[in-house]
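Just so it is clear, A, B, C and D label the chains in written order, and each chain counts residues from 1 on its own.
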Amino acid sequence: MARTRVAIINVTGYVGVDLARILMRHPEVDIACVTGRSAVGQRLSEVFPHLFVSELVIQDGLDVPVDFVFSAMPHKASAEVCEPLVAQGLKVVDASADFRLKNPEEYKAWYQVVHPCPDLLSSAVYGLPELHRNEIGGAKLVANPGCYPTGALLALAPALRLGLVDGDIIIDSKSGVSGAGRSLTLTTHYAECNESVTAYAVTGHRHMPEIRQECRLLSDRVKDLLFLPHLIPMTRGILSACYMRVSDAALQSIGDPGKGIGDAYREFYRSSPFVKVMETPPATKHVWGSNYCHVFPQYDPRTGRLLVLSAIDNLVKGGAGEAVQNMNLMLGLEETCGLDALPVYP
Amino acid sequence: MARTRVAIINVTGYVGVDLARILMRHPEVDIACVTGRSAVGQRLSEVFPHLFVSELVIQDGLDVPVDFVFSAMPHKASAEVCEPLVAQGLKVVDASADFRLKNPEEYKAWYQVVHPCPDLLSSAVYGLPELHRNEIGGAKLVANPGCYPTGALLALAPALRLGLVDGDIIIDSKSGVSGAGRSLTLTTHYAECNESVTAYAVTGHRHMPEIRQECRLLSDRVKDLLFLPHLIPMTRGILSACYMRVSDAALQSIGDPGKGIGDAYREFYRSSPFVKVMETPPATKHVWGSNYCHVFPQYDPRTGRLLVLSAIDNLVKGGAGEAVQNMNLMLGLEETCGLDALPVYP
Amino acid sequence: MARTRVAIINVTGYVGVDLARILMRHPEVDIACVTGRSAVGQRLSEVFPHLFVSELVIQDGLDVPVDFVFSAMPHKASAEVCEPLVAQGLKVVDASADFRLKNPEEYKAWYQVVHPCPDLLSSAVYGLPELHRNEIGGAKLVANPGCYPTGALLALAPALRLGLVDGDIIIDSKSGVSGAGRSLTLTTHYAECNESVTAYAVTGHRHMPEIRQECRLLSDRVKDLLFLPHLIPMTRGILSACYMRVSDAALQSIGDPGKGIGDAYREFYRSSPFVKVMETPPATKHVWGSNYCHVFPQYDPRTGRLLVLSAIDNLVKGGAGEAVQNMNLMLGLEETCGLDALPVYP
Amino acid sequence: MARTRVAIINVTGYVGVDLARILMRHPEVDIACVTGRSAVGQRLSEVFPHLFVSELVIQDGLDVPVDFVFSAMPHKASAEVCEPLVAQGLKVVDASADFRLKNPEEYKAWYQVVHPCPDLLSSAVYGLPELHRNEIGGAKLVANPGCYPTGALLALAPALRLGLVDGDIIIDSKSGVSGAGRSLTLTTHYAECNESVTAYAVTGHRHMPEIRQECRLLSDRVKDLLFLPHLIPMTRGILSACYMRVSDAALQSIGDPGKGIGDAYREFYRSSPFVKVMETPPATKHVWGSNYCHVFPQYDPRTGRLLVLSAIDNLVKGGAGEAVQNMNLMLGLEETCGLDALPVYP
């Protein structure tokens, strides 16, 4: 059987180039084309010496027939690129924010642009496999989740679906600097962010509505949501601390919360090969470079709150790896195909 | 007038050695003696090459007459060292946890030891100058606050005293690794904690009761408190994100919360030379190496919560600098004396 | 055909645990046993959460039949462990220094111990596949090179074998902190080595005689060798700068040195799948987590010196990866088997 | 007596802003004016929150009378700014490269521009106080040395002046990223340079001719010079390893080289308050944030080479601190005035 031919649109950002890294070693697909907004005509291996084994040349557009497309374009531009591809019948994973929010008004409010193709929103599937595995399997267009939403939702989902959460949710996330992308900014200038930690987007981050949308699908008791991201002096990784108030009724139903909540989390992720419910607090280092997510729930009897921590690599499970996981499902491959690299520690 | 002669008990830890650094350039005092639990007989400059200008030799005990003592011993051992010094009439700042908690039962519960001298607890003053400036001025024994409590309380205090807070408080703190001390542990081994972020003490950190004690002095509406510390791959600095629910009544009384809360914070710290209420989110880098604290309050109308961020250098304002600030007050010197070094950026 | 059963002796150090990571995903072998000097009886996944998919339990000794053994014990202890295994006919890769130096007197001089089994030295093969591929293929006992020697020798070897080098060699190497191992020391305590660079072993490092021994096999004109290692605040990676004086005669024979030396290096490594001769200066980041080595020769006409830079991941090509590369050769597998993971960038 | 009024031209780069930090606490001068190429009209404290105590506003030009000027402009632009100021009789320290090289042809060759005012070159003094203290005292225009030359020359100077060096010199320097400035580049983008080490300027760095010029003033036996800079993932600091071949004749004259060379270095720096000859290898951390330089000479009997290591903070002793040290000398103040802050460790 012919191998699947895939393209990466905009390979020159961090998600794009990590897609290239993963797909170059994927046993079932071949990269047929990579495009860039910059560096067109250069070999991929010149721009990214770690991919020196590649012979690919960066193109200014899709110039060969392919079966599957990843778009790593920025929002709005990505929808514009994806729309005709979907119309041609190609399967597409879009790593931008364009097809994540179901409500085009909410999209406009948070991204300050009118959605280029709102008609596609209803058929696009939110690509968090642990929540939407079956729909992804049948989808033509998958919206790859944001990095923060991936970590936060994997921490929150079991508690929400089990009805444990009563009232508000606070999510305090700490991200490595690669999450801010490859474009140059003072914020990501080494001497500015090294040896420093800071919060940002204090009046509201674009990933909040995405987290809230999915939370409300999981539970109708989600009232408000405070999400605060922080920039941490490290390259990769997101650790999210999620604070929830637990419903008294739910609490009584699960017996010993110390054990019951962990068991419920393990049951929830029983068929999810990339999520591991841990018995000790996770460290981002323990998932570095991999598609795994470590989740750790802890009930605090003193305050009646449930704390859930999750750790991911923001560019793999929070980006390129999750996109390949979605591709695997869309192509009917093993979910873990090409994604079983273990975390690189220390 | 004779200059004040000071001693540093246990100079070989990070707070002790940073006391030496600051006091060596203090215009009004002389270091007469430094002691260590290790490295006795070695020159301070051998063990700590950055202090190469010093001629001091590390002693195994206080061997010369002094006027003022800093103890940087671990808890329990510190109280045992301080008790006779206080009895002799020496003024003492204790950097350990021994005289922070007023209730010896609480001390026992969190530190798993019986307090060696509970009789001193009532006269010891909690050394956060911004809250207890006057008492410190008249104190014989000052309990230097923990690093986390310093940052958290400076963020919380104005809101609590103004009655803004209704209900629970969540404090999510991010600390550089020097906060874990100079003793060797796997947790602070470079390859283990670099390029990683993790939460710890998830079932309760010893600094929680200290924060709670002071919060309750500020407001009788403080119910519960969830404090979660994180280890961040940087050497110095603590950023604390404090999440509080705001009382509706209080909110109405202050008019526009966006402006009113900031003004109230500025008024609260009007006479505090080391605390600056910022108009943009603080970064630990902007206080690095200094005794300053940057505080940033932000009301979130979406969730009705008040978010307050604070940034300190954990070894200066959260340790040695605050201890010297306390000494200045106890000796009737200018509060800023010897402490006006600006942060070293970048 | 039955899969090869391998053991890792002392899995709890950084080379040992990285062997486990690589071998767990190796397509042709199974890990049958892991032993430790600590953590015996614990599951590997408890001690190393990044290996959470493993079911292995750390043993105190080799307790099941195996076909192949990796020893990651410290020197001397490693030889003592390897000797009976070799006597039993097992193939062994020793990651310690014990079988690298051919001269037991030199071993004694640099390691301050008498070699436990000098009789094995003559049959042990120095496991740098790019220099000794064929001998390794037939070896029973392979001495895996030190991390510094791997990087330095891959930079030096072509120039030496081509007779380009006249006179002395200076090697200035910069290593990430994981090279110092997992044992706790003040040198590798985070707050001590972060944001700092320092040279060490200024009177002579144990890897010098190993580099010198191999250099002299490559060229009889190697006079002296100055090797200076530095500790760099990063987890993984070694960059070596090698400074050599070029023989005038040799220079004339190769025509344009700018082009000729690069071509000669490329020819030298034509059949070495893990070494890439670059056209721009290498960065350790571009080999991070992989078994690749980037080499960059540059002739400096101003001083008549040849500068060669090389970059490796000290734990992979400089440790566990190279050990697996040796195993592949010893077992008659493809040299790259299980080792084709691309570097993780950024 | 009226305090000296100083200006900082181009305060918005890292040397400019560190000048502001130091001068704001200098006991004998006042900052009367700061100018910028960007951020004009903004308060210094807005752009640089760590200087929140300042009331200065960034101007687009020198708008008030001053007595002394620091220029932190880029090369060429700096000479153009300095020339009229010097003509007006103002004393000037230029932190750019414009007045370092005495030969305008060499300047043109390395900086690819024609020198704007070559007539000033002969009267400008190279501002390394440890070599030119007296001339600086009488100078109107001082060329502040480059960061690398400061560290390298302090390591090399005693050996050169003593006639120890026979033949060539290799300088392998490791710099923190702040040395590359505050302008945005991919090289200094956090995710690109963190966890990586790389050499750059492999065909020749602009600081080489500056080092060579001063070396030749110290010894007529300096033949060639190979200088290779590296970028290290840390914010501040330069460690230089200087490798020199020692003259046999000189060696015999100094007796035991292990002791004699150290003594000679100590004697050379006897009157230099900021240079400390160490007995253990220096670490950049031990001079962090200070104007101190640690130098460590080590004779290697195996190769007959002298290795000298030096550590500085590239922005203080290698930039703003050295500029203030020069100002102190030019104004007849104590050389250490305003510069005695101890290094901030850890």
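Side notes on the structure shown:
Note that a residue touches a chain if its C-beta (ideal position, glycine included) is under 8 Å from a C-beta of that chain, and two chains touch if they have at least 3 such contacts.
It should be emphasised that the depicted structure is a prediction, and the values quoted were computed from it without experimental measurement.
With respect to chain C, maximal separation of chain centres occurs for B (centres as means of Cα atoms).
By number of C-beta pairs in contact, C-D leads when A-D and C-D are compared. The geometric centre of chain A is 36 Å away from that of chain C, both derived from CA atoms. With each centre defined as the average position of its C-alpha atoms, the distance from chain C to chain D rounds to 38 Å. The mean-CA centres of chain A and chain D are about 46 angstrom from one another, to the nearest whole unit.
Taken residue by residue, chain C touches two or more other chains at 14, 176, 178, 182, 191, 194-195, 233-236, 282-283, 285-286, 288, 346, whereas all remaining positions touch fewer.
On chain A, the positions that touch chain D within their shared complex are 14, 176-178, 182, 184-186, 188-191, 193-195, 233-235. Against chain A, the residues of chain B that register as touching in their complex are 168, 170, 172, 174, 176, 191-192, 194-200, 202-204, 224-226, 228, 230, 232-237, 239, 241, 243, 281-286, 288, 296, 298, 300, 302-305, 307, 309, 311, 346. Against chain A, in their complex, chain C makes its touches with residues 14, 17, 21, 24-25, 48-53, 178, 182, 195, 235-236, 276, 278, 280, 282-283, 285-290, 292, 294, 340-346.
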